[in-house]
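Look for chain A in each of the two complexes below; its partner is chain B in the first and chain C in the second.
Right, the complex of A and B next:
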């Protein structure tokens, strides 16, 4: 069995299993905790606060006017690399073919040259994110192992992906095997760390937006 | 001082002496009691972006990272990950989170009480949508259970729980209320057996702003609403809420709830007191265990309703250029934003909004009990400068608010900074501009 066979065979299957079970367990772990009933009389109708919650998914994507001067650049940096990351993962033709083999359908991708540029930009932005985390006093204070390890593993996936595409340093199959192994590692780590925010972000915004709207509070 | 009482850096009431082990046990028990699916979800969702710092006036004023709102709940985040999260055994095994220690909790007293107004501005900025203020309130509960509520808040809450008053007064508040009625020549409805509206007052108004108490009675008299104060539940404030003592908060709330039920009130009217509104409007029903059998309205909400219904008629106030301080607890966290503006509009007030107003207004600096904590004063003054600058920049000559704690906070600022504005009560402005109508409706 070659490295590539291992990476996209048993390693990938194991990683997907850990990812699915781990993420489910982590979510079940808090969803099954007690849910308190709120006996206060809502200011808004359920329809209105549910709608406000759904709206908050969008409105929290960008800071309110009152905050934009202080947080706009940082949030723009964060969203930029996320967009780059999603573009590379979802619009690079080999990725589409791979995902198509899992889901049973494919979609049009971007030309490789465009993806290469996006990848280079995304890696640069991602490096800037780390720089910001270690130089910003607030972020440095809040950061822990999870933040740095999650950054490293995501960066590893991006760098090995670029190396495989550019055929740098080793035969293509070896590079691809290493890239897929890094993806396997990311999937294994995913449920244990902050990468889980991918699952949380929209429900969290919606839930809190709805609860604030229930009181007629600002959200 | 006994070993149990030694807690470097903490500001404690003598009654709160206990061993470090007992403090940690208390905090963890309190925390375990608080943690539910919702708060766990909030703790899970934090991505350590630190953006909440940029909403907090304590951070903005000092640029000190320890004032980052989510950092204020760090011991409880740590405890959740280590003790209650899905992978808690793994977290403990790998030592990813340290055990919470008593000295750490003592250190956090400053962050959870002295440097947090519970104003909720941080809850509006989080890109993950986390209600950070709700987590801080829960952390205060756990701190109280650890015996780490600040001395001033603890003692006032303890006194209020037992006597109904947060502190000893020269005369009981009942007598003071009647004296205010006599002094301002307004009838103080007291202990009526059956009414539509039950009234209560901020003890701050009784002590510092008796004209606001008289204004409330005058407006109600003008409206002709059947209403009463109740001797056994005069005080609107809830120091249990500030101190983090949930059981005490419940007992203090029940005093008002029981009296409102006893006089068959349809409305419990919360006066100009932001946190009293939060405690009664949004938290009392949960502490009571069922929906309250009456409405809870903030006085400006009630008056705006009366205005809309045509029962309240107001003349033009000669107030000049005026700005309005939205009390955080009733406006941002409670949704009472339009009502005070409707009243000001009806009086033709030349309203000059501050740059950050309505739901985004900065706290006066005194909320969350901070005004009562003596050692917090220097830091409070630093944070207040942001607010005072916004007020001055609004171009207004006058400052109105509908919270007695905001008012006291600005009065304090006036003295401390030799500031040139005197805060006034919106309710008092309404009372001064009532247009006489044809009698009780």
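Right, the complex of A and C next:
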């Protein structure tokens, strides 16, 4: 069995199984957590605080006007590389075919050359994100192993992906094998680290917004 | 077919009316096809002119004769020029007129006369199951014949994926216990000229280079000559620009296929297949499978028959034994994992609630005690 056969065969199956198991475990565990009973009188109707919760998904995803000068550049950086990541993952034809083999349907992709440019930009932005994290004192103090490991594993996927596409450094099948193995590693790590924010980010914003609305506070 | 007179290649060529100049041009063309430096053509011609025609013994085992059929279609050099002018093909049971005991005697004589010097060409895998009974000739099994012939060989050239990597007989479930030559002979230099079949010019070019220089060519990790197997088909494919542009044929008869777009989505194995199909091509440079509208099957790579569907894209996940991507299997696997994850989630939430409940009860109890005191 070659590296590529292993990476997209047993390793991928195991990684997907761990990803599904871990993500479901954490999501179900999160959803079933008990919310401490609030004995105060609700300041808004249930309908209003549900609506406020949904609204908070949007308002909390945009820098607050008062702080835009300070937080805007960081958020712009974050949004840019996330958009780049989504474009590369979802619009590169070999990725579409991979996802098609999982879900049974495909969609149109972007030209490989466009994806290569987007990948290079995304890698640059991702490097800038790390630079910001280590140079900003507050962010550095807030960061732990999880942040750096999640960054490393995501970067590894992107770098091996661009190397495989551009045939840099090793034969294509070796690079493709390493790239898929790095994806396998990311899938295994995903449910147990901060990458789970992909699932948590919007529900937690909605929950915070709803709880604050119930107390009569703006979200 | 054994030689009755010991002619050098130069003498044989003169006898056939071929000038030195013509022979140098011929060798230069071969060197060029193998991406060797131009001076190698002249060196090859000089070396060959003074050398006795090297003895070649060609043995066929568990195979379909497709590789030999391919060899007979070589345009440069042609099989005739190779066996009449350059090599002394002392045994080949497909070409030779002799049969039975006469053939066996010819083989024994060729091996004895050129012991330690002949080039052994093997075509087909070697079945070892049932004591080697799946492939026998003259009462001897393929594995015994190979071991005996390999003893006196200067080098072994494995022609075709069967002898190089086991090929189709070696594929799962390998009912005959087939093996490639390299699994049976470990003490001789081996050159693998893989392909199902190999490109004829690759077979003749490799033989010519070895007999003219007496040295093994640069080989890759699978013992294939780098001159022919150094690049992937994808690297040299004329459809590569369409891959880069993201233009893919979706079926074999759609507009993309008619426009000659990349066959990646239709399962082309060109990106992972090392061979010279896209450059040397077939039938004297007429075409190659991708040019004819079908994706590469990856036939020159080890284990190509067990690498999943020929029509599944390279980046698809491999789910089953046959390797074909199957959403159902993905769903089964994912569904089972989700079910186990849900149970674990319920259990961990339950544990958390119990812990919270216990903490609150303890806190309430201590508050009560404080109130009483």
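In this text, the second predicted complex is superposed on the first by the 211 of 219 C-alpha atoms of A that agree within 3 Å, B and C clash if a C-alpha of one lies under 4 Å from a C-alpha of the other, contacts with A are read in each partner's own complex, and residues count from 1 in each chain.
Convention: a residue touches a chain if its C-beta (ideal position, glycine included) is under 8 Å from a C-beta of that chain, and two chains touch if they have at least 3 such contacts.
This structure is a prediction, so every number in the text was calculated from the model and none was measured.
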Superposed model, chain A: greater residue contact from chain B or chain C: B
Partner chain in contact with A:18 - chain B first, chain C second, else both or neither: second
Touched partner set for A:208, first chain B, second chain C, both or neither: first
Contacts of A:67 with chain B and chain C, given as first, second, both or neither: first
A:111 touches, of chain B and chain C: first, second, both or neither? second
First (chain B), second (chain C), both or neither touched by A:40: first
First, second, both or neither for A:216, with chain B first and chain C second: first
Chain B versus chain C as contact partner of A:192, first or second or both or neither: first
Intersection of chain A interface sets (partners chain B, chain C): 25-34
List of chain C residues in touch with chain A within their complex: 232, 234-235, 243-248, 264-265, 271-272, 274, 302-303, 307, 312-319, 323, 325, 327, 330, 333-334, 336-338, 340-342, 344-346, 348-350, 352-353, 356
In the complex, chain A residues that touch chain C: 2, 4-5, 8-9, 12-13, 16-34, 93-95, 97-98, 100-104, 109-115, 167, 171-173, 176
Sites on chain A touched by chain B in the complex: 25-41, 43, 56, 60-61, 63-64, 66-67, 70-71, 74-75, 78, 136-147, 192, 194, 196-197, 200-201, 203-209, 211-212, 215-219
Residues on chain B engaged by chain A in the complex (per definition of touch): 35-38, 40-42, 44-45, 47-51, 53-55, 59-60, 63, 65-66, 68, 70-71, 84-87, 90, 96, 120, 123-131, 281-286, 288-292, 295-296, 331-337, 355-356, 358-360
